[in-house]
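First the structure, in the form of structure tokens, and then the observations on it.
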Amino acid sequence: MAFFVEVLVGGLLAGVMYGLVALGFVLIYKASGVFNFAQGAMVFLGALTATGLEQQGVPLWLAIAMTAIFTVVLAILIERLILKPLLAQPPISLFMATLGLAFVIEGLAQAVWGNNARALDLGIPDVPLEWLLDSTGVGVSTFDLVASIIALALIGVLSAFFSLTKTGRALRAVADDTKAALSVGIPLERVLIIVWSAAGLVALVAGLLWGARNGVQYSLTLVALKAFPVLIIGGFSSIPGAFAGGLIIGASEKLADVYIGPMIGGGIESWFPYVLALLFLLVRPEGLFGDRIIRRV
Amino acid sequence: MFYRLSGQFRTSYYEDNRLIGEKLERTVFIATMLVASIAIPLVASPYLLSAVLIPFLIFSLAALGLNILTGFAGQVSFGSAAFMAIGAFASFNLLLRVPAIPSLLAFLLGGMCASAIGVLFGLPSLRIRGFYLAASTLATQFFIVWCLSKVGWFTNYAASGVITVQHVAPLGFALDNHVSKYLFVLVVVTTLTVVASNLMRSNIGRSWMSIRDMDVAAEVIGINPLYAKLTAFAVSAFYCGIAGALYSYAYVSTVEPDGFSLDLSFKILFMIIIGGLGSILGSFIGAAFIVLLPIWLNVFFSAMEHFSGLKAPSGITSNVELIIFGGIIIVFLVVEPHGLARLWQRAKEKLQIWPLSH
Amino acid sequence: MQNAIPPLLQLRGISLRFGGVAALANISFDVQEHEVRAIIGPNGAGKSSMLNVINGIYCPQEGEIVFNGEKRTRMSTRMAAAAGFARTFQNIALFQGMTVLENVVAGRNLKFKASLLEQAVWFGRARREEAAQREKAEEVIEFMELERYRKKVVSQLPYGLQKRVELARALAAEPRILLLDEPMAGMNAEEKREMCRFILNSNRRDGTTIILIEHDMSVVMDISDRIVVLDYGRKIADGQPKCVRDNDEVIRAYLGRSERVG
Amino acid sequence: MPQTRTLRRATVARKTRVDYLKLDNVQVVYNGMILVLRGVSMRVPCGKIVTLLGANGAGKTTTLKAISNLLAAERGALSGGSIHFEGRRVDDLGPEALVRSGLIQVMEGRRCFPHLTIEENLLTGAHTRSARRSELNAGLEKIFHYFPRLKVKRRLSAGYASGGEQQMCAIGRALMSNPRMVLLDEPSMGLAPQIVQEIFAIVRDLNQRERVTFLIAEQNATLALDCADFGYVIENGRVVMDGTAQTLKDSSEVREFYLGIGSGERRNFADLSKSHRRRRPFLSVED
Amino acid sequence: DQPEQYIPVLSYRVGPFAANGASMFSGLIDYLNLTNAKGGINGVRITFEECETEYNTSRGVECYERLKDRQGGASVIETGSTGIAYALLDRLPQDKLPMTTMGYGRADAADGRVFPWVFPLISTYWSQAAAMVEYMAQQSGGMDRLKGKTIVDLYHDSAYGKESFPVLDHYAKEIGFNLIKIAIPAPGIEQQAQWLQIRQAKPDYVILWGFGVMNAAAMKAAARVGYPREKMIGSWWAGSEVDTVPAGDAAKGYLSMTFTAPGSFPVLEDIKGTLYDRGKGNLSGDAKFGSVSHVRGIVIGILMTEAIRAAQQKYGIGRPVTAEQVRWGYEHLVLDEKRLGEIGALGLIPPMKTSCADHEGSGAAMVQEWDGTNFIPKSKGWVAGDRALVRKLAEQSAAQYAADKNITPRDCGKED
């Protein structure tokens, strides 16, 4: 039983980290109905730039701040060079453009910073809290707590932003019908820059936390893979959904790996979350919290 | 100027339904086929045949398969590599376990296996749509690759799950050199391309497209979405399966399940998006783009270094190539978001009215 | 007189709710074969929903549908198609990526019999069928005067023409019952007249039964045989044009005093 | 500061009273190939209502989109001519800037945001206004006053609303921006007769009380001409006729093709005979 | 003009494994440049051309076909990628071109009778697994002491990850230790659950047969559950700076196998002095100089030049040799301590000797430890497992392959 709880808690904490990555996807999807293939590259770029600067002798906090500014600049460039010319085009074309963007970002990041694997130390210890381990036998580290708090804070702020502010409403309008959004005078340019900056900043946060976990290297782009099933379960367009989906995937994936995996040969983590997500979809085709799919004639 | 359609009248619907409508295009097509089947094998270097043209044709076929599903029937899938894997491993096992099975039949049955599994994994599409469906096809991709590598039987209990395919001679035509492999691939791909064009101009093709464009209306005019979607999955998986068999038997010959990774699936998807969704020609153009462009960039940069005598710091060139590749994708999409095939079509239309501008 | 022939389609006590909001409440009416039956009512009255119930897109919570003597609690979309229902939509539901011709031929898809394999090799039945159906489709295209646009992708056609293509697609199916949801919206008088001509031609020449939703009262009054009036889910009148026109409740709920009719 | 800006605008407007909105020889090409407008010139005086008539495919929608600069999103572009609004050249101004300067378009085919509720849809219309919550509420109330049906359905996702409800929502959304000039593309489409009357009453009302200028592309020519001061008729991408509403009403072509009155009386729609003259009555332009 | 010997370099400097690939192929190029700087191989200059494969099979095949016939024909191919190596397997006999797969690829290719063109030099995966067991036995005080112990094999769930199975299974059965295999599906960025399982099993050793980010993630997770890194032994592809640096402090004490010894050797000094100090080094950024991957690349280069040298010895000194002759060279490598000393690589790799039948040459490996900044040798010298066992397994497997593919094995007795 204790072991079960331990695995469960471990899964939930992993889920928080997945949710963090998924959040970046949700932002862009919510604002433009597009699946942003470059999100993984942005996670990589963010973490790499911050550590790269740090290794040049810049203090960590300053490095992070500089990276954040750089992220906004990048968002502006993306808007100018990609999104604006591709205004109101089919989502699949935009999806493809984000792929091109992913290549550019990956190439750029590695050309500038090289392809060394680096360690990133945020100064947050990642060993289980003694007292918690002793009293309950469950290993939760300060790092986990910080990650969870950051994730919750981001989710709270972004949800509020989307549902309460004028810009949030405008974003959803753009995703629904870009041309109509233009016609009512929504400043598409600014709105898109805001979203892509936000997605970039979320990617930076995810990159820093994941980078502190596993080091800063190319494989950070792969954490995006973990976001897929999370997105399906939570719904592509729901911010709290990203969090809930993360928890569900994290917990069930770990439990399945421990309890079902050995029976059928192991390594089921590769597909289990997807199959689980698929089952969820069969019941709710728009995910748990996603926008309802409106089909009306 | 020379590209004129005037003076070509069609006098029957048979004629108007022809595969390639315009006379000029027909001529061009026949010429291309002649060059591809006679001139190229005679003059092309082994490098061109075995490292460029064969993979290009095979990927075109896979892209065509995915285009049937995604471009024509509107069901985005990230699982095409898995169906290629099924085609490859099914053919391998058939040839291994069924005594004296003709290899062509084994390939065909391999494609059919992919088809059957495709139908199975296509079932969720009846309820799930769009990017949700796309993301859920990842389940197919990962599950199948996992299965193939976990169940020893599929790989004939090879220690590490790697299989080396048999030497085959379909219809007595031994696939033991570049030319024979190329010709075989060319014949298969051409045949299947013709079949795909036939499907597209028939009722089933229209059913697929109507499901893609407006599924409610399609149902209202009597199209069975179940049938339309599942046939699309079946045909698409069949094409991918055959492509997978060709990939292993006419191209790399030693394969492992992990070789048919998500990356490959994505690559095929990119081919059809950049080439043009819902365009047969687009599948080929897209495959050419994704397969050939990185090679050209690589060759170009090597030549640049060679001639200029400058040596860029190692690793930089590779990254620059990647950046340029991504940049070109974006530029082409900005010029024509519907893909290269549409760009080509527009160029053609411009030629038709040339020198007038409108 | 009408009692002698049983109606082709009967709707009995249809109720349809969306999460507590009643879009249709206990609606009953019938449709005789070969007649032009209009449904009118204010916006949001439930007219489109009614059509959706008739051809099976919505599933009513209560009531039954009797078609051709057969009773059922709901239609299925495909069964309806097979039984000869064709339809146009209020928000155009054409296949936007296909050409006009393909759209119209797709309207005839139930007439195709060739198997997948035959289609794949483009041989025998598939080839013959394609030409034969194409010929029929061309007749419709010619009739609807769409020849010039035959090979145009519909998404680039102006609104009015798209409406026309949609009607062509429906007519191509040689339907027994044609459900039309505001086929003449966005057209000028002359264009409406043409649409009326197409519709009535089909009605008189081929005996197609027509159920029509339309907000242009002059059109409705001119071409329909009987009219049902819905008002926010209720049926408030049912009868011949002149009776409906003078019905006080209809005037209050829908027409408005100043509407000049005829 | 905002005050001075309005003041300046007002003076500009007064100066250019005659040509509040001015199109000169506007040409539009789609996809770099399809020439749709072949030189459209028109003038909309300040505070007037102008209607735009034309058969299906004549280019009404394209004209309106050219004005509000929404062509780019459909791969269309102005290939010639110029557009002035309030004396300023606006053909390179973004749609957002236009809305800010008071010109808004109601697009053809409803185009509500399906996942937003009716109320949220209306609020997006006020995006360019920096209005306080209470002002917004007042704006909403005004729209609900115009269209009581929307108030009932305010919490419904627009995607589920009926066609007519969506149309009201689209019009209401545009009005939420407090425009000084509105381009209406087929406002009556899909609306019940009573509401159509209502719409034109609103147009007249706004025009008279708030001096809002209107350019209306409308197929219900009877109502449109009743309400308008001037009218333009376009065919095949060219203006083929213009004049005061009364002149147009009196023209036999307009009577026949747009008002449906043949040889002096309204023709019955059940009359199956083809009209003796086919479409494109004014000019026989090449196809 | 100086005679030239051409070697195509199929490298990957972008993509998922760029961090490894970039240093490794720079190492190779550095050594080739060093050789040239010293006048080539008996006066024969080495020319080379690089082609980017992105570790992608299809592109690797293209590079191979593009480069193999250039400049008078390739001498030897080394791809650094299992997938590409497999894809080339069938092409080599036709092109009569030898391929080295140093430390990866098919273990049974060590049987040169069935795989005449493939050289899994120094040590194969199977030798590695055997050496691992041998090392654990040494630490425990004898093979029999392993009996009853628990060993976890945490492996990358791919063909690569399963390479160790035949050998480990064999030992587990023979010695009687408890082998628990736990798969980590790629990419393996999250291993919390697996490490909880490991902690529960209380293994005496954890074998980390990992790849890519999975390795750093494993060390981090081990730290979180408190499993001592000193008891983790990685495979050699889980044993370079790329794997340990990202894990930060968590990597301290971690052990891994290697077929190139860590530390400083004359040949490295030579490269530094001749190339890097003059700005001619191939690495971008000197930080990676002497890193594990870099050194492995250098070793590839050493073996290439030695094979060519051997071939010249037989077929004509100071003249370029054909690929077939290079193969002969690879089959007659004698890198004893004397020769290694001459190259400046004494102790860098185990002494080795190849033959027609034995394409591996050594089969020994070393255990190294990460001290937080550097790898340092841990085992006393080179460790080799049960060579006879590994050879037997390889021969069995190769025979099976020969049967499947209708290959008649060469008769090595008849060749010189």
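In this document, chain identifiers A, B, C, D and E correspond to the written order of the chains, with residue numbering beginning at 1 in each.
As a working rule, a contact is a pair of C-beta atoms (placed from the backbone, for glycine too) under 8 Å apart; a residue touches a chain by one contact, two chains touch by 3 or more.
As the structure is a computational prediction, the values presented were derived from the model and not from experiment.
Any chain bridging chain B and chain C, meaning touching each of them, is among A, D; the list is complete. Note: the chain lying farthest from chain C is E, by mean C-alpha position.
Two chain pairs are in question, C-D and B-D; the one with more C-beta pairs in contact is C-D. Distance between chain A and chain C, defined via averaged C-alpha coordinates, is recorded as 47 Å. Spacing of chain A relative to chain B, judged by their CA centroids, is 32 angstrom. Rounded to a whole number, the gap between the C-alpha centres of chain A and chain D is 43 angstrom. With centres taken as mean Cα positions, chain E sits 36 Å from chain B. In chain B, the residues that reach two or more other chains under the touch definition are 146, 216-217, 315-316, 319, 321-322. Those residues of chain E in touch with two or more other chains are numbered 13-14, 18, 22, 157, 185-186, 284. Residues of chain C in contact with at least two other chains: 48, 57, 89-91, 93. Applying the touch criterion to all chain pairs gives A-B, A-C, A-D, A-E, B-C, B-D, B-E, C-D. Chain contact summary for the complex, chain D toward chain C: residues 30, 34, 53, 55-58, 61, 108-110, 149, 153, 160-165, 167-168, 186, 189-197, 219, 221, 256-261, 266-272, 274-275, 279, 287. Taken in their complex, chain C has these residues touching chain D: 18, 41-45, 48-49, 90-92, 148, 156-161, 164, 182, 185-193, 196-197, 200-201, 204, 215, 217-219, 222-223, 254-256, 258-259, 262.
Contact residues on chain B toward chain A in their complex (touch as defined above): 76, 124, 127-132, 134-136, 138-139, 142-143, 145-146, 150, 215-217, 262, 266, 270, 273-274, 277, 315-316, 319-323, 325-330, 333-334, 337-339. Within the complex formed with chain C, the residues of chain A that make contact are 297. Chain contact summary for the complex, chain D toward chain B: residues 29, 31-35.
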